[in-house]
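You will see chain A twice below: alongside chain B first, and alongside chain C after that.
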Partner chain A sequence: MVPDLGNLLGRFGAETVLALAIPAILLADLVGGRGRRGANATAVGLLALVAALLLVLFQGAADGAILTKLLVADGLAKVFRVLAIGTGIVAALAALRWGDAERGRAEFFVCLLGAVLGACLTAAANDLAMLYIAIETLSIGGYLLAGFRKARVEGSEAALKYVIFGAVSSGAMLYGMSLLYGFAGTATLTTPAGASFASLEGASGAAAGQPAFLVAVVLVFAGLAYKVAAAPFQFWCPDVYEGAPTSVAAFLAVASKGAGFAAILRFVGAVTAGTTPDVTATAGDVRVILLVMALLTMTVGNVAALRQNNAKRLLAYSAIAHAGYLLLGVAVTTAEGATAVVFYMAVYLFMTLGAFYMVGVVEKETGRADIDAFEGLGFRAPVLGVCMAVALVGLTGLPPTAGFVGKYFLLQQVFEYGGAHDSMLFFWGGVIALLNTVVSLGYYTRFLKAMYLCDLERMPKGPFRFAGVDKGLVVALTVPVLVFGVAVAGLYDVASELARGIFVAVGGGR
Partner chain B sequence: MNVGLYHYLLLGAILFATGVAAVVTRRNAIGVLIGVELILNAANVNLVGFSRFSGGLDAQVFALFVIVLAAAEAAVALAIILQLFDKRTDVDVDRASSLRG
Partner chain C sequence: MNLLTITIFLPAAGLLALLFTKDCKQARWIGMLGALATFVLSTFVLFKSVNLDPGEYALTADVAWITLGKFDVHYRIGVDGLSGILIFLTGLLAVSAALASWSIEKGTRGYWAMFLLLHTGIIGTFASLDLFLFYVFWEVMLLPMYFLIGVWGGPRRIYAAIKFFLYTLFGSIFLLAGILVIYFAVTSDPAFAAKGYNAFSIPDLTAYAQQARGGGGILANYGANAALVANLVFWGMFVAFAVKVPVFPFHTWLPDAHVEAPTPISVILAGILLKLGGYGMLRINFPFFPGVMKDAAFWIGLLGVINIVYGALVAMAQTDFKKMVAYSSVSHMGFCLLGFAAMTPEGLNGAILQLFNHGTISGLLFLVVGVVYDRAHHRDLNRFGGLLWKMPAYGTIAMIAMFASLGLPALSGFWGEFLAFVGSYKTDYYEGAKLITLIATSGLVFTAAYYLRAIQRVFLGKLNPAYESFPDATRRERVAMIALLVPTIFLGIYPKPLIAVYQPAVDAIRLFVG
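What follows is the complex of A and B.
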């Protein structure tokens, strides 16, 4: 079979550009010479990222075509690829601003582009082998980036924890995948004919319905939960975000998590699709597992965040909690649930990148990443104060920000599912999620208190340098949080169009 | 004795269990990595076994990719371990605890 190269390049031009840019960066660095501090490599890297973003936005048809059996070009792939590349650009700019890449610009961009490429392929993978390779590409780039600043022992330690936990969980995921291959007789998640992965018959008989099928699915969840930092695989997350450069932490919190959620949506869609009794029984079990995981994740994240003083650690626990909220949208396995996940992920991108960027600015200026470092910033740097306040209100999920709307959609799906299927589990799950939002108010407001309600006598004197570039970027990341909160209807339609095709074939359940 | 699919899967399961045991009990980072290699190879044995008995080469190609990725992952992990060893002179995963809370 000759793959249709024209179609492939037409839909996955961005990935081609990223893959070609990696050797090009190394070559550009050699040509430019070491004296220029990797200016050539930086230029090639940034150019490739921007080109890739434009290619996905304007060229990538989202028609659901499946290419070479391995990749699918649907709306879900498109939105999560835009998200990954966009985050890559912000992380690259942040790293350049704060000198996170000074150990070697060329090496930094090679790792970053590799990770972005992995994230893009993860979002589009339609095959277990492709999914594994893509996730490993993303992870290996992430491991190297986490330990990029050699001078700090915390950086090396963060990288060690990331790589050890990552290797173990991806190993478990691979073992699960090998069993799934045996059950289904294929590694393809969705065939062009729309055949369900779960109802196929492989070397050991019909897939779903066998107890070991569920075990294999859970093993795959282990690897995917690690990528999105969901409990009980979240232990690495605070340590890595604290020890890694702030730009890298922001990348891991958004791009890595986004790619993980794209993979989870697609994978759960594939194992729950079908109407035979065996498949619906399995789908019911998968829903319960996901719901319990979601509730555990958000509770662990929110409770642990309450007693953090380091802003990066606090945002890490906040990122864990948000993985829990997002998992709620997956747990209901409905097209509306997938839409809510896509919508919330887009909002989460702006809120989290903004918050991390501002923590990075403060860290750079004061040399500390504690909440105390934010003392009086509402008065010393009004723009930063307002933007941080918007991001935090959004992360808490209060109106008038998009964070409120996103969380509303997710919770609405959970309550609707609980009502429609008369499931007390989902009803109480929604209640617990609501209570979690209240708990999260407890730690997000600590930033606001430090910024606006500090002792004016104790406030550090002197100006707070907040460069124009940083200011522009922070404002650009904050405005959508407010705009999305107002222009809801249009955006919901877009998200719904993008998430079309996920969970359409899921039968009824408990 | 005929070697059937069952035997491949049993070997895979034993390798997986050994790998998990190594990951859980070893405190040296290198020991943990060896455990991970066992887990990856358990999956490879499964893949090759399924491929042998159900036809189709997809799984064998998958296994080849896994071998390459395992090498890449091990190289990165060893580099990170060496970097920590430079500062710590030990690679005990339990003692890597300057980050906590």
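What follows is the complex of A and C.
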């Protein structure tokens, strides 16, 4: 097949722009005098990100076309690319506001654009090798960004931990991928003809019929779970979020996790598709593994978060817990489940980016990132207080925020699966997930307590600067959390349209 | 526009007005106006909810909210006699509580914003006829309450606020689980769809539940485990409502919340929020699962007795005036459970009367405690004495309130307890009702004991010289208390009008008993 360049550029123009922008940033940095150092690179970087966002939004057709066997341009790819690039823009603005990129803006933007490019490709990868390369691109960008403030010990520690954990898990993933290639005889996840990866025949019989097929799938999960910070591969997450610049932590918590979930949805969709007994048996096992992983992840995240005092660490554990909630939607392997994941991911973007951004603002103003730094902020900076409260209520999953509706859709899938397949395991899984909400309230309210329930007399005096770009961005990130809590159907329809095609071919089973 | 919709969202509209206020005085007046308007509107709602047929709702509105195929959530509201009297109670207590909030100085705008938002949540919950909407309003109440206790409460307010929040959320997740399970079970049930029912509509689900359908009831389609799941969901929802009531052993948040909350918030907490638990049981818990209810009645009756006797005994051991009143609430809400479990006309009548009357009486009692606390800055029963001679008007009101609470005939507290006992004694809905009722009557003795002792220690005896200078209740305090005293006396002498309002709702609940 001769790759149709026009089609490729038409659908993946954003990636092309990002890839070309990377050398352009380096060149732009060389042009111009010392006084303008970094300004050119910043301009090119931001411009490229905005151009890429517009290209995905308005140009990239989401028709499910598979290009050069490696990339698929479907709705899932589109939504997670928008998410990654959008997060990249917010992270870039945040980094510029807080001076996170002052060691070298050109270098920062190169790393950031590289990571965004990796995230976009991860979301669109339709081939095991492509998936691996895309994830590595995302990861390497992430490693460099995490340690960007080289002078800070925590930064270097964070980057090193990130690299070591990353190397181990991507090693496991690569091993799993090589086994899968052996079983199926191909690395393509979904063929243009729509044939299922699991029922493809390799050396001897259908792939899913091989005893070690499940082991190989679990090994790939290890790599993907690391990317989304799901238990038991979550250990790096708190240290990295704490040590990394806050803008980078926000990027990792949203864009990196989102790309990981796109890959998980696509991968699970491929290995569970089919109706032969071998495939349905495997699919049943995969569902149970994912459910257990989801419950473990959210419980570990929520319980560990209770004891944190550092706001960034706390949000890191909260991000782990949310990976657990999102995995519930994958575990049921239905199109509605995928829709719920996309819906929640969109909502999660606003809540988490907003929360991280506000932590960054507080960190910049007070020089501290512990919860006590929020003391009295509800009264000193009322807008920040209200926005933070909305983000936290959303993360807890209480109405009338979109966080509630998103969690509702995820849980609905779990209880439906329990009823439709007579599975008390899924029924109790849903109950455990709900109980986790109560646990999470315990730590989200610690922000509320610091912001509002403090002693007014002992409250720190002095002005708290929160205006201009910071205020505008925070409000812009908060309003959708409330709007989508009421105007649900619009977002859900979009999510359902975008997630169409995932899990359609999955057969029954346990 | 629908009168009920206006009643629900008028307090929230007051929130917007608060944004434009400049000082605390304006905020106070907006809050007061909001409360008064809520009262007036709730009175209209009450008049609209009389003379309905069983199962009929007035002031209904039905607008599609989230439509995604089968997932069809509506903004569906309406009132029957039961929700009508409780919305009226909300309006009445809003005015009393607003008057008692006059002295709030700290963060006045925020206080009134939370106060008004809380009322939107409460009235919305009573008015919802859609499960999803019910849950949304149910949870909307939590955050304002958390702040009202946590910011404006007493010394241990932070502990009390988080405890209240965690307990209530713990309960309500089981309600959510129930909603999720019900949704799947009925949407996959062809018989349900054939009738054109909606999976979130409370009237539809109630109607469907009454058409006997095997072990799983409305959950019959939840696969092979339907009967087990129906039991789990019934008890899960029961826990959700039991936390609010509160039913032993889920009651421990209540004394903390009451003691730490400012007076007006205690009034609302005891007067309204506890009623939401009982209301939820009557509206959702029991009618949805008639099959399970039959087996559960004994246990609910037993929990009722434990509440009555245990609450009274613990109240007797208190030296803190407010804590005593708080535990008396635990005890008195037990009568509601006793009446529910009986499922006889008398039992249900008594239980609902008790819901309303406990609302006015306990609200009044918390105002009484607030008045004396404002003057003495402590609530230790042993350090008072002879206040009746110093503060005659206050003392008289307080003593009437206490006599009403202990169930003296001719005051409103009597009827609920009396009817609940009668209904519970003669029921054959479950085995062992007679024994349970007999044990419950012992609670009356303990109740009389702790109230009479409190009257003696606070109002009678020798006046503590330190309190020589206490002024009698101010005009504002008197208005707040008399607003609640009037229904207490009136309904004690003549409870019939109130019973007539909610009688059809009782008949509707009893349809499934047969």
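Everything below uses one rule, namely that the second predicted complex is superposed on the first by the 504 of 510 C-alpha atoms of A that agree within 3 Å, B and C clash if a C-alpha of one lies under 4 Å from a C-alpha of the other, contacts with A are read in each partner's own complex, and residues count from 1 in each chain.
Rule of thumb we're sticking to: a residue touches a chain if its C-beta (ideal position, glycine included) is under 8 Å from a C-beta of that chain, and two chains touch if they have at least 3 such contacts.
As the structure is a prediction and not an experimental result, all values here were calculated from the model.
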Using the touch definition from the top, say if A:Asn7 reaches chain B (first), chain C (second), both or neither.
neither
Per the contact definition in the header, classify A:Thr16: touching chain B only (first), chain C only (second), both, or neither.
neither
If we overlay the two complexes on their shared chain A, which of chain B and chain C does A:Thr68 touch? Say first, second, both or neither.
neither
Contacts for A:Leu448 in the overlay, against chain B (first) and chain C (second): which applies, first, second, both or neither?
second
Counting only touches as set out at the top, which of chain B and chain C does A:Thr366 meet: first, second, both, neither?
neither
With the two complexes superposed on chain A, say which partner A:Thr276 touches: chain B (first), chain C (second), both, or neither.
neither
Does the superposition put A:Gln210 against chain B (first), chain C (second), both, or neither?
neither
Hey, what residues of chain A end up touching chain B and chain C alike?
none
Which residues of chain C touch chain A once you look at their complex with the stated criterion?
65-68, 71, 106-107, 135-136, 139-140, 142-143, 146-147, 150-151, 157-158, 161-162, 165-166, 169-170, 173-174, 176-177, 180-181, 183-185, 188, 221-225, 228-229
Under the stated contact criterion, what part of chain B meets chain A in this complex?
5, 9, 12, 16, 19, 23, 29, 32-33, 35-36, 39-40, 42-44, 46-47, 49-50, 53-54, 56, 58-59, 61-62, 65-66, 69, 72-73, 76-77, 80-81, 83-84, 86-88, 91, 93, 96, 98-101
Where on chain A is chain B touching in the complex?
128-129, 132-133, 136, 139-140, 143-144, 147, 150, 153-154, 156-161, 163-164, 167-168, 170-172, 174-175, 177-179, 181-182, 185-187, 202-204, 238-239, 242-243, 307-308, 310, 313
Touching chain C in the complex, chain A uses residues 379, 389, 393, 398-400, 404-405, 408, 411-412, 415-416, 418-422, 424, 427, 430-431, 434-435, 437-438, 441-442, 445, 448-449, 452-453, 456, 488-489, 492-493, 496
